[in-house]
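Notes for the one structure printed next.
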Amino acid sequence: MEQILREKVKELLKQKTIDLFIGYSISDPDKNTYKPFFITDPRQVDKLTYNSYCFNNLALYLTKDELKNRYKKIGLLCKGCDARAVITLCQENQIERDSVYIIAVTCNGVYRDNQHYEKISKDNIADKCPGCKVTNPPASIADEIIEDAIKDDKDNPVNMQSPISVWWENFDKLPNETKWLYFKAEFDKCIKCYACRQVCPLCYCTICIADQNLPRFFSKSSDASGNAAWNIVRAYHLTGRCIGCGECERVCPVRIPLMKINKRMSQAVKEFFDYEGGLDKEAPPALVTFKNDDDENLFHG
Amino acid sequence: MTELFKLSPFELNAWMDLLIAAGYPVFAPVFEEGTDKDNLYFKKIKKWNDADIGKLKTKRGPKELFFPINEDLFSYKYNGDGFTLEDPEIEYEPFIVAGLRPCDTAGLDVIDKLFSWDYKDEFYLKKREKAILIAFTCPYTDSSCFCTSVLGKYPYKDGSDIMLTQLKSKDYIVEILTEKGKKLLSHLNKVINPASKEDLKELKKELDNIDKSIKKIKIDKVKSWLENNFEDDYWKNCALECLSCGICTFVCPTCHCFDIIEDRNLDKITRRRTWDSCSFTDFTRMKVHQPRQEHFRRWRQRLMHKYYYYVNNFEVIACTGCGRCIESCPVGINIMTMLSEIDDKGKKLKAKA
Amino acid sequence: MTNIYKPFVMEIIKSFQETPDVKTFRLKFKNDEIAKNFSFKTGQFGEYTVFGVGETTFCISSSAFQKDYIECSFKKVGEVTTALERLDKGDEIGFRGPYGNWFEIDEWAGKNLVFVAGGIGLAPIRSCFLSCLAQREKYKDITMIYGARSVSDLVYKTQLNEWEKRDDIKTIYTVDPGGENSSWKGKIGFVPTILEKADPKPDNTVVITCGPPIMIKFVLKSLKKMNFEDEQIITTLEMKMKCGIGKCGRCNIGPYYVCKHGPVFSMAQIKDFPLEY
């Protein structure tokens, strides 16, 4: 699969179909880490690689001005999460579909960390992956599909029940006060490095609400009230949009379980509006669409 | 001054517990509860057993013990007639930080210079004055360590009061480096063995081994290249994948930039400082002008600040080679690779000239 | 402890609305002891606190020889200046300073001085100008060239008139084309053009300039044309600041901290700066 990918990218760059390709390459062999890799020269394709350690969501680079202004057409390696982000960005008119060339690849789920593993299994798969609907990215978004078809395998760990949903089933039974205390304690740890925002493919505001000072919405210091405000505001901004790539949680240096919040919000949107973000380019986003029969129970908590 | 003694792990344990019992607050690397096993932070411990000295790779280093993420500078109230300002009530008392790596202490030495530059920042300096630093030579190094390339021969000793090295035999060699350190030893109320010649040989062997395990890169031409190539195209291409998050600066033991903000409460308002980062867009944004709008300019600022500007102002590189930024970067940017590239450019430049 | 971040409380004893968005406050320390010991050199700046909102940076715009009070002028642009603008006579603000370096006015003894200012850039220039006027006998010719976008954007209008009446200084005021009104008696044209027409001679002369970056850029071109050397041109720079004392790490241009090595620089120094300001 890697070989096919390299050939394809080489071809695309040679024929100038794309000016830049964003994929993955190895970062530190000792630590088994992989990083986003920018490639403009077809001779470099041998460094391209793809496996279950390639965590980054590459779609986030599509909205960066530095790249948009420099390269007319960007090729992008898309696993399911990345494809969903691209779809959402198209839905929200942030990118022109034609300015991107998408090579979609199958993803069997990614590992939870960088230890050496043989094969993805229920013991080493990242928490965000089980329950994934886009192991094969939606064909509608792809210019090219490199398939490593996943059969309907009951043992495939992405088909497991999501551990985050299981966690919520129990947690939702607790009184609100207890739930709040749990998340408050988690938010307290926040140091406001804003890595969650920067790594999120859907956090593309040119001036974030956290950076505004006229008026200032919450304090810049990482104190308790400001932290909770920041994390809750971000959760709300992502409600119905979050595509579940889990990058925010992965990069958080203090390990706030952001995906627990995001998944729960997505679940609520699913329940109320029967909508999931980033699956259909033509679908109107749930929270900017008003329908007469929208369920008002949403507002009663 | 250097005095060398030998302690068994058991004696070390007893000594530390005695120090805690004597009333010293002791901070040491502790695992953050409920998170993965690699989340080590300096926290106050109740007994030495709580400390984890297996790897000593703390996520954020000891900087925050002296320069906290949030620190109150003063508070004020309106009393009907005017404003009254109050200093924060802090009692500065001696405390111990144990389980530092040599690069951790080097980081503190770097920011000492800034906080005592001209205007003395007593919030920081008072804590520094009271702190007693017990460093351990590295029990673990990995591919992101490059301290010897920046700090010179392993281990960097200048910043520590006491330095411990564990030998193969599991015993520790204790090097007393300052008067402050010596005072601590007196708490161990028993006769301790001076290190024998044999021990010293072992010590040297151990230190050489650590030294060998650390990656070496050349950085001596870095500054001269930086000085002359502010406008080079390299900057525009070097860190395209960077996301402008603040992680590298927040985990860095020498990054010291901060913002000053008001924390408003009903009864009083507190002016405090809070960590800030040159990779944030609002770091230099004024209402009408932003000199570092493009993201490469912010990246360049960080590297320039560390390897050129700081060296110009304080004669020390604002980097200790601890590798934290490499480890934490969400997109795998490696400062070691960049430094090597820049050094190569510097060499070529010199060759041309 | 000495708390370098804690301001002194000052009272606004007078307030002037210079233009619709520029205000000047005359400030006096609440504590007499501090007032007695306070002094500054012209060109230095301070950190001004609006209690409850935050701190902002600008220069002291009054004469260094004025011991009874200090004055500051600011334009309403950001979070703090917007709040500051709402204050008035009798209100209290916080002040830290003076910080930074200064205009070496004593070294200019025996020279001709040309002041070139645009818009709110007159504020630091005024401090320098007034300080020089306080020891007028030390200098030879003094010229003030000041321009603004429009008549209503001219600051310190009362003082401009006073200066105009003096016969020991030369004043040239101008507004940008289109900014004049029916009663305007000064010149019409951009500052650099007016400067070239005034044609000051470079011999034994120091030029002190401050204004918007675009004005400075063209003023420099004009001065070059008139054969001024970089060493003769002095200006004061602006960068975002928080601490004002070289700690918080944001106001550097290359290795130079504007708050410590500046804000006053000669053009000869600035020429070597990386272009990031």
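Each chain carries a letter (A, B and C) given by its place in the written order, and its residues are counted from 1.
Going forward, a contact is a pair of C-beta atoms (placed from the backbone, for glycine too) under 8 Å apart; a residue touches a chain by one contact, two chains touch by 3 or more.
All values reported here derive from a predicted model rather than from experimental measurement.
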Count the C-beta contact pairs for A-B and for A-C, then tell me which is higher. A-B
Comparing each chain's Cα average against the average over all protein Cα atoms, the nearest is chain B
For chain B and chain C, let me know how many angstrom lie between their CA-based centres, rounded off. 40
Round to the nearest whole Å and give the separation of the Cα centres of chain A and chain B. 33
Please work out the Cα centroid separation of chain A and chain C, and write it as a whole number of Å. 50
Can you list every residue of chain C that touches 2 or more other chains, as numbers and ranges? 78
Considering chain B alone, which of its residues make contact with at least two other chains? 259, 261-262, 264, 276
Considering chain A alone, which of its residues make contact with at least two other chains? none
Spell out the residues on chain C that touch chain B in their complex, using ranges where they run on. 1-7, 9, 30, 49, 51-55, 77-78, 92, 94, 213, 238-240, 242-243, 245-255, 257, 260, 274-277
In the complex, go through chain B and note every residue touching chain A. 32, 35-36, 39, 59-60, 69-70, 142-144, 240-241, 243-247, 249-251, 259, 261-264, 272, 274-277, 280-282, 294-296, 326, 328, 330-334
Which part of chain A faces chain B closely enough to touch in the complex? 27-28, 30-31, 33-38, 56, 60-61, 64, 66-67, 113, 191-195, 197-199, 207, 211, 219-223, 247, 250-251, 253-255
For chain C, which residues are in contact with chain A within the complex? 78-79, 82
Touching chain C in the complex, chain B uses residues 73-74, 76, 78, 82-83, 85, 87, 114-115, 117-123, 126, 230-231, 256-262, 264, 269, 271, 273, 276, 278, 283-289, 291-292, 297, 301, 304-305, 308-309, 312-313
